[in-house]
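Below are two complexes that have chain A in common, paired first with chain B and then with chain C.
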Partner chain A sequence: MNYIEDINKFIIENFLFGDENDLENDASLLENGIIDSTGVLELISFLEETYDITIEDDEMIPDNLDSMDNINNFLKKKLSD
Partner chain B sequence: MCGIIGICHINGPGKISLDTLNKMTAVLRHRGADESGIYIDNHIGLGHARLSIIDLTSGTQPIHNEDKTLWIVFNGEIFNYPELRKQLLNDGHHFYTTTDTEVVLHLYERDGLKCLNLLNGQFAFAIWDSSKKQLFLARDRMGICPLHYTIQNGYIYFASEIKSLFMEKKIHREINPIALDQIFTFWAPLPNVTAFKNINELEPGQFLQIDEDNINIKEYWHFPIPPRNEHIDPSPEELTEELTHLLSDAVRIRLIADVTVGSYLSGGLDSSGITALIAKQFNHDVQSFGIRFEESDFDESPYQKQLASFLNVNHKELAISNDDIAYHFSEILWHSEKPILRTAPVPLFLLSKHVSENGLKVILTGEGADEIFGGYNIFKETLIRKFWARKPENQNRADLITRIYPNIFKNPLLKKSLIKFFAQGLDKADDPLFSHLIRWNNTKRIKTFFSDDLKKEIGEYDCIEEIRQLIPDHFDTCSSLTKAQYLESTIFLSNYLLSSQGDRVAMAHGVETRPPFLDHRIIEFMARVPSVWKILGLNEKHILKKVFKGILPKNIIDRPKNPYRAPIQQSLLASHNSEFIKDMLGETEIQKTGYFNTKKVTALIKKLNAKKNINEVEGMAIAGILSTQIIDYQYIKNFPLTPDSPFKPNIMIDRRSGNNGLFAGNQ
Partner chain C sequence: MNNNAETKKKFLNLNCEAETNNIKIEIRRIMSKQLRKRGVVVGLSGGIDSSVTVALSQKAMGKDRVMTLLMPELHSSVDTLDLSRMVANHFGVQIIYEDITQILEALGFYKRYNAAIQSIIPEYGKNWKSKIVTSNILESKGFTFFSVIAKPPEGNEIKKRLDLKAYLEVVAATNFKQRTRKLLEYYHADRLNYAVAGTPNRLEYDQGFFVKNGDGAADFKPIAHLYKSQVYQLAEYLGVPEKIIKRPPTTDTYSLSQDQDEFYFSLSYEKMDLCLYGKNNNIPAETIGSLTDLTIEQVQRVYKDIDQKRSTTKYLHLPPVLIEKVPEIDI
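On to the complex of A and B.
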């Protein structure tokens, strides 16, 4: 299962206001100014609601959330647990 | 303060329209409703709307010298005019008023443009030398008083506010895309730039001299950043003593007026210190004014109450609701004359109305202390990030950043991503703009809402690159704090705080604000004080706190700095808002003005309406978009070319050939 498309769609709608972009899957969302700290919270709510998961405090780290690849890998791991 | 205007034909005699002069003056009457005056000859017309503060009976402007060769219209105050007047009297000059304005005129007569170096004050003025046919315009060092101009078709038009210039039909009104680019990055346009194409603003500390042969625009003062070998090295005790003396004198001379002077009291260190100095040293019964916010997150009124009772001053507070902010948002844009990314000017607009209703027209404020004494978080942030940049992997260094933003770090979930945010640019710690790039890069994300047309007009222009060209030569040799102070003072302070949030919203109700911390003696002194006395460790405004130690309660001195803010989303997007705001943000209007991408703006509003809390950037975006739309509505599409009520100046001096009566009109 690959979640990249869903994540990409969410990011475009919610943070880029419909702006189709050529954002690379491994690009940092924070460093590229796509999301800021409150954006991280929105992202977390989106993931929790869409995939019916609970993200623990210690999972909320850039390694899990700061690029589409990272989110994808994190989701894969999380959903296979 | 007052409002000044003028039209000058640059090459010899020209046709000056009296009707236009009247209209230009009339539209500034909010700046000075007490009196007005017009001067006209074959070369120039001058207009003045007066807010009478010194010499209430005989100070009507324009004012002339002994032989009526020099004429002045003046906005502002010269605080050291009594000393200057004495010197001029000794030199044989004769005065027919007791105003500071007349002192400036005679000083110019004696010293020419060098007179500017002798003035301690806040001002913008125009002097017409009718024998040399030369016009001289000047603006105070920090840009407390505004002065705009445009040179078109052989004429120079100037005025305190842009709306005056637009009373001349021939002056084209068009939004300046470069200004939008700058505002949507720095929160303010850069010096000399206004929201409108071909309309300039004389920069702080500049003068303009114009005659048939020359247009000469020069700087007589620049925000000081002296090289380190010019720094002083006093003991903290000596420093405190000197500053106590300087501040006390800065307050003393700002209390000179023939009307009652009050103060703003926010509950923070700066305005509390100023109010305490007034109450303890000069006027026990001073009236202070403060804002109480409906939204508790923004409210500081409990501190104001504590201070008022501690100092035993007569404090009046004004309650501000979210609806008030929405309701008056478009009104303040008529005054600010530029888009804003904040709503914070609105409460100050209402506060000046409250002051005026209480019969006062002069207020001392705490503005400028944060810039001069090192109060802002961005300064501490810069010092920490600089320290952290030397060992980017060191977690303890990274953690320091959480100490200056306890509020935004209060959600432990966000710590890692926030730290990552502040880590941006650590690899470029030597960049001269290191302190501010992180903020500017964050703000400029809202340029994503610009339409393709607007982006095309802006083209390759890069406003951050322009700043690199503007910074002084020896900038690199300055300390990190000095560099950050310089950027903050010359961009944000002069072009936003003193303008949209200062002069404009105060003068909207004929209230003059005087910031003692911006006395140039204090600025120049503090520029030579080593950074360590400004921020000691992570203690901001260290030396200022020492100065106020004896006169303020300990908890006011020790309380963490709380920036002055006002709600955005809760006010501008309230469901019961006026149809006007909804229209301005609606698809039809967004499409019509063409500045923004309709699809994206609609998506943003939908998102904001659905969410409980919005982030900083989205808040700035909505304020910026709405204010640009409203400025377009007010100044481009629906600008009223006729003032709303009839105007007749109190004095009218007509020196056009064929008119030998000096004082025609209804004087």
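On to the complex of A and C.
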């Protein structure tokens, strides 16, 4: 299962108000100014509600959440647990 | 004095006499040439920044042209009022007392705040106390997030992470306090034809530790260019009462006592000052690490967090953004 499409759709709709962008899947969402600290909370809410998961405090790290690839890999791992 | 102490002194040492004189001249110029106001209103919190602002305003304008406001509410710490009164009396300036509890009641602050906490801790109720704390950037390389710590009348504290909705609701409700105080500062400033002094130090100003249109609103900010350690040096020089100088920095915003470092900065102001100074002056993380007992990696994390906070809070500094410039209005 690949979640990139869902994540990309959420990012475009929620943070870019529907404007398409050419963001690479491995680009940092933080460094590219797509999300800030409140944006991270919005992303976490989206992931928890959409995939019915609980993201623990120690999982809130860039390795899991700072690019579409990282989120995709994190979700794959989380949903296979 | 050892090498580290000498280096720290070299970095943040202030010529208090020259600085006081400079600020005094500037305040007088700003008041007469830019703002055209006859005096200064300062909201007192019993902390070091507002006390130094009062002292500088008194030096610049004279004691009869400084009006201080004491604006406690239900959750204010008990010594805030005494310390604020002590400062105002010490510098001989006028005092107005405005308890804002009833205004906050009318705004629904206490109900809204409690409801937001109850969405995370359902048993939170009457006589409980609480505060908001940030995750510690020194201990983790994760994103910053906020948790609530709640304490029942009897029993142990409970700590839970705030989700997006609760976090935004708590911040929005709590901002009523700073905005209500500013409302009263401007009421008194308007009726007296005075200007409102903002009291942020450089750390707070740079890192966006203020509420837009709340404590961030002011006509001038006389100590926004000074690191917090320098504000302490000025306080000693200006003769601010020792009790104020010795009081640990607190937000005095939540019912449980809360230090600024657990709410926003993650480390003490002495260390945070050195990190900010180091970043601003391109000093290697290794040097700052040896002065602050932080590892190089921790200093780098703080440097990164400084950038992140600057970026996240940039909008707080912005005036209303126009679609097109209005060239006739030159600010």
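Simple rule for what comes next: the second predicted complex is superposed on the first by the 81 of 81 C-alpha atoms of A that agree within 3 Å, B and C clash if a C-alpha of one lies under 4 Å from a C-alpha of the other, contacts with A are read in each partner's own complex, and residues count from 1 in each chain.
The criterion applied here is as follows: a residue touches a chain if its C-beta (ideal position, glycine included) is under 8 Å from a C-beta of that chain, and two chains touch if they have at least 3 such contacts.
Only a predicted model underlies this, so the values are computations on that prediction, with no experimental measurement involved.
Quick check on the superposed pair: does A:I53 touch chain B, chain C, both, or neither? Answer first, second, both or neither.
It touches nothing on chain B or chain C.
Under the stated touch criterion, which partner chain does A:L65 make contact with: chain B (first), chain C (second), both, or neither?
Both partners, chain B and chain C.
Applying the touch criterion given at the start, work out whether A:A27 contacts chain B, chain C, both or neither, answering first, second, both or neither.
In the superposed model, A:A27 contacts neither chain B nor chain C.
Mind working out whether A:D19 is in touch with chain B, chain C, both or neither, as first, second, both or neither?
In the superposition, A:D19 contacts chain B only.
One more residue to check, A:S45. First (chain B), second (chain C), both or neither?
Second partner only, chain C.
Who contacts more of chain A, chain B or chain C?
Greater contact footprint in residues on chain A: B.
Is there a shared patch on chain A that both chain B and chain C touch, and which residues make it up?
Comparing the two interfaces on chain A, one with chain B and one with chain C, the shared residues are 30, 33, 36-38, 40-41, 44, 57, 60-62, 65.
Report the residues of chain C in contact with chain A in the complex, numbered from low to high.
On the chain C side, the touching residues are 135, 140-145, 161, 163-165, 167-168, 308, 311-312.
How about chain A: which of its residues touch chain C in the complex?
Residues 30, 33, 36-38, 40-42, 44-45, 57-58, 60-62, 65 of chain A touch chain C in their complex.
So in the complex, which bits of chain A are touching chain B?
These residues of chain A touch chain B: 13-14, 16-19, 28, 30-31, 33, 36-41, 44, 57, 60-62, 65-66.
Name, in rising order, each residue of chain B that touches chain A in their complex.
Interface residues on the chain B side: 408, 411-414, 416-418, 420-421, 424, 441-442, 445, 448-449, 597, 599-601, 603-604, 607, 613-617.
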